[in-house]
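Order as written gives the chain letters A, B, C, D, E and F; numbering starts at 1 within each chain.
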Amino acid sequence: MKVTVSRKAHFNAAHRLYNADWSDARNAIVFGKCANPNYHGHNYELIVSVNGEIHPETGFVMDMKVLKKLIENEIEEKFDHKNLNEELKEFRTLNPTAENIVVVIWNILRPKIDDKLALSITLYETPRNFVEYSGE
Amino acid sequence: MKVTVSRKAHFNAAHRLYNADWSDARNAIVFGKCANPNYHGHNYELIVSVNGEIHPETGFVMDMKVLKKLIENEIEEKFDHKNLNEELKEFRTLNPTAENIVVVIWNILRPKIDDKLALSITLYETPRNFVEYSGE
Amino acid sequence: MKVTVSRKAHFNAAHRLYNADWSDARNAIVFGKCANPNYHGHNYELIVSVNGEIHPETGFVMDMKVLKKLIENEIEEKFDHKNLNEELKEFRTLNPTAENIVVVIWNILRPKIDDKLALSITLYETPRNFVEYSGE
Amino acid sequence: MKVTVSRKAHFNAAHRLYNADWSDARNAIVFGKCANPNYHGHNYELIVSVNGEIHPETGFVMDMKVLKKLIENEIEEKFDHKNLNEELKEFRTLNPTAENIVVVIWNILRPKIDDKLALSITLYETPRNFVEYSGE
Amino acid sequence: MKVTVSRKAHFNAAHRLYNADWSDARNAIVFGKCANPNYHGHNYELIVSVNGEIHPETGFVMDMKVLKKLIENEIEEKFDHKNLNEELKEFRTLNPTAENIVVVIWNILRPKIDDKLALSITLYETPRNFVEYSGE
Amino acid sequence: MKVTVSRKAHFNAAHRLYNADWSDARNAIVFGKCANPNYHGHNYELIVSVNGEIHPETGFVMDMKVLKKLIENEIEEKFDHKNLNEELKEFRTLNPTAENIVVVIWNILRPKIDDKLALSITLYETPRNFVEYSGE
């Protein structure tokens, strides 16, 4: 009897899309206005989903208060009101596309969550663009 | 050619999180303000999803009008404007966490829906907390 | 140059609609399933709006961090995960309709906010029902 | 390391539900007010999702700008502000239920998207009714 | 102590924008694809707002159940799953723009609602386009 | 017979809150993490509302296609994927708070819109923080 439990959170950050191995011209062609060297930004909406058995005593798959706190400490603290390219070591050489950000977040949270729970992360970069990663 | 068809519905209910086998003190520690003996409540948003073949004559997997009516009769009628702990027999000894509620709803609807259709239920307890169960 | 600044917040609470001067039968007729003596509940969405001049040094009408904290301390702390009828003195004799709740919230916040700022409160009882009060 | 990338789009269209092999009476019984011969309409919300490996140079599974353009050219151009029954050859003999529309959209987009990417389409006919098709 | 009470509802309809005094060519130039003679359609979202004193016995400005029923009987019944140009006498010579529809709805509801209550109607034609009319 | 017509748009931008007349320490105290010198960013949601008489021939207060194009040319082109502090002359000495941004946008659009139409601008900085300015 496996249930998926999801918690929404959010953070606001600046970024630019940029491949350091390319010329500025090529970056501008491939990434368009997202390559703006002065950065732009987003309100990122994050959904963290864990799947597993319901614990018979609590009725929880995972205590939502614990999950909320974990997201605050591990993700919001680190990403909120930051410049992803400049301030997060993960993106020093990795382009902060939504795809790469969602994988980075999954990799941060995976070791902090019980191995018996499957983990899936959804990230909205804008209300119209979003990505999902399940570690597969 | 299998399509998933989903219908949203909602109900408003009171509940508290509570394990009758535990002391009040332990309930308060584990469930925090959700254990308030005077209850609190939610606008629950419900999504019922069925997956199956499109019927060639109607173009329907399942008639949405039938699904809407089924949700009204079996779920809204039973859950809406109710105190889940006090008034629903399913929660006399079962803690009405979102996880347990979604399983209860799935168990109510499963026998009422054609065996050839897979059934999945998503339940939003708040806009930031939601659960999903597919009978697995 | 007056700007309106709004902050959204939310709380989850149980309530029932009930006029103590009426018979149970009359309460049931007038308030329908909202009169359920076992209570039901809602995810209340709250919007607090203040209107005033932009401060030339900060660019703020009112510091949103201060407004957020004020809503947490004065409203969320008091209303969240509570039974409005049983636990809030304001509703001992006052029926906790959305209309009465929004006036109570306005009356709590008005003395805590600078007199030079106009105050308006919007309260969603459900995604389809909401009320607004401006102290007029 | 497979990520799902989704892009939302929308189109407004008129349609009616109708099986040309049936009498008008039977159409009216089965499809109710959706069979109105004068048509009704919807704001369709469309989500196109592709799943695949992140390209190491761009950090993209698929360039969202390309996906956005593809949806505009192949779907919005064809469906937006149209009468689906009267103006789209796909629905000359096929009933434009949400289920059939989502399959038609999947069939249009599938050959235009890299074979290495899995494709899934979600279509909201109303905020409360939606369907999903993955080509299975 | 005046409170505004609002209720959301919706209807799905087909329409086209068209001025019968103009040539088809001029209609096409002014209204673009909205002039399509085969119609297109929308999920209209409607918000009906009434402003007035809170009744001291009920705590209501206006009973939301009554308002909901009124909208169903007077507006949804008439507009839902209809072709506005073909089936509503109000639009026989009046172009069914969002502006004209909102005025028509206000004019239908105004005589049905207590004179002591101010009435304002908001109509979403799409999630990005909406209009509001207060009878002024 | 005056109707308000509203159009939603959006842009993504980076900014920081900063008063150049203050020390970095005071900026950090007053603006908190919003003062981060490396910037952060938002998906700004913009609502442009015009109020006026319905034109009897078109049924429009203002052609929504014209309003949409005006917002694209005057606002999105200028603000989207930009660093507000670094790239917009309006914010060289003006702190780009939501309040100041909404006034700047109003001032840009006011001369481009017919004098007979009242203009009001709403700007969402996040889903929970928003501001409104009507030129008063």
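What we mean here is this: contacts are C-beta pairs under 8 Å (C-beta built on N, C-alpha and C of every residue); 3 or more make two chains touch, one makes a residue touch a chain.
Computed from a predicted structure; not experimentally measured.
**Student:** On the document's contact criterion, could you list the chains that touch chain C and likewise touch chain F?
**Tutor:** Common neighbours, chain C/chain F: E.
**Student:** Starting at chain B, how many touch steps does it take at minimum to reach chain C?
**Tutor:** Graph distance in the chain contact network comes out at 1.
**Student:** What chains, if any, are shared contacts of chain B and chain D?
**Tutor:** Touches both chain B and chain D: A.
**Student:** With centres defined by CA atoms only, which chain is the most remote from chain C?
**Tutor:** D
**Student:** Just grab the chain with the largest centre-to-centre distance to chain A, centres being mean Cα coordinates.
**Tutor:** Taking each chain's C-alpha mean as its centre, the farthest from chain A is E.
**Student:** Would you kindly state whether over half or under half of the residue numbers at the chain D/chain E interface are used by both copies, giving same or different?
**Tutor:** Counting which numbers both chains contribute, over half are shared, so the two copies meet through the same residues.
**Student:** Since chain D and chain F are copies of the same chain sequence, what is the angle of the rotation superposing the Cα atoms of one on the other, rounded to the nearest 5°?
**Tutor:** Roughly 180 degrees of rotation.
**Student:** Between chain A and chain B, tell me the centre distance in angstrom, where each centre is the average of that chain's C-alpha atoms.
**Tutor:** Going by mean C-alpha positions, chain A sits 28 Å from chain B.
**Student:** Taking the mean of the CA coordinates per chain, how far is chain C from chain D in Å?
**Tutor:** 41
**Student:** Please set out, as single numbers or ranges, the residues of chain D touching at least two other chains.
**Tutor:** 127, in rising order.
**Student:** State which pairs of chains touch, listing all of them.
**Tutor:** Chain pairs that touch: A-B, A-D, A-F, B-C, B-D, C-E, C-F, D-E, E-F.
**Student:** Considering the complex alone, what residue numbers of chain B touch chain D?
**Tutor:** 1-9, 54, 57-61, 63-65
**Student:** So in the complex, the part of chain D that touches chain E is made up of which residues?
**Tutor:** Against chain E, chain D makes touches at 10, 12-15, 33-34, 36, 38-43, 80-83, 86-87, 126-127.
**Student:** State the interface residues of chain E toward chain F in the complex, per the touch definition above.
**Tutor:** 17, 19, 21-22, 30, 32, 94-100, 102-103, 127-133, 136
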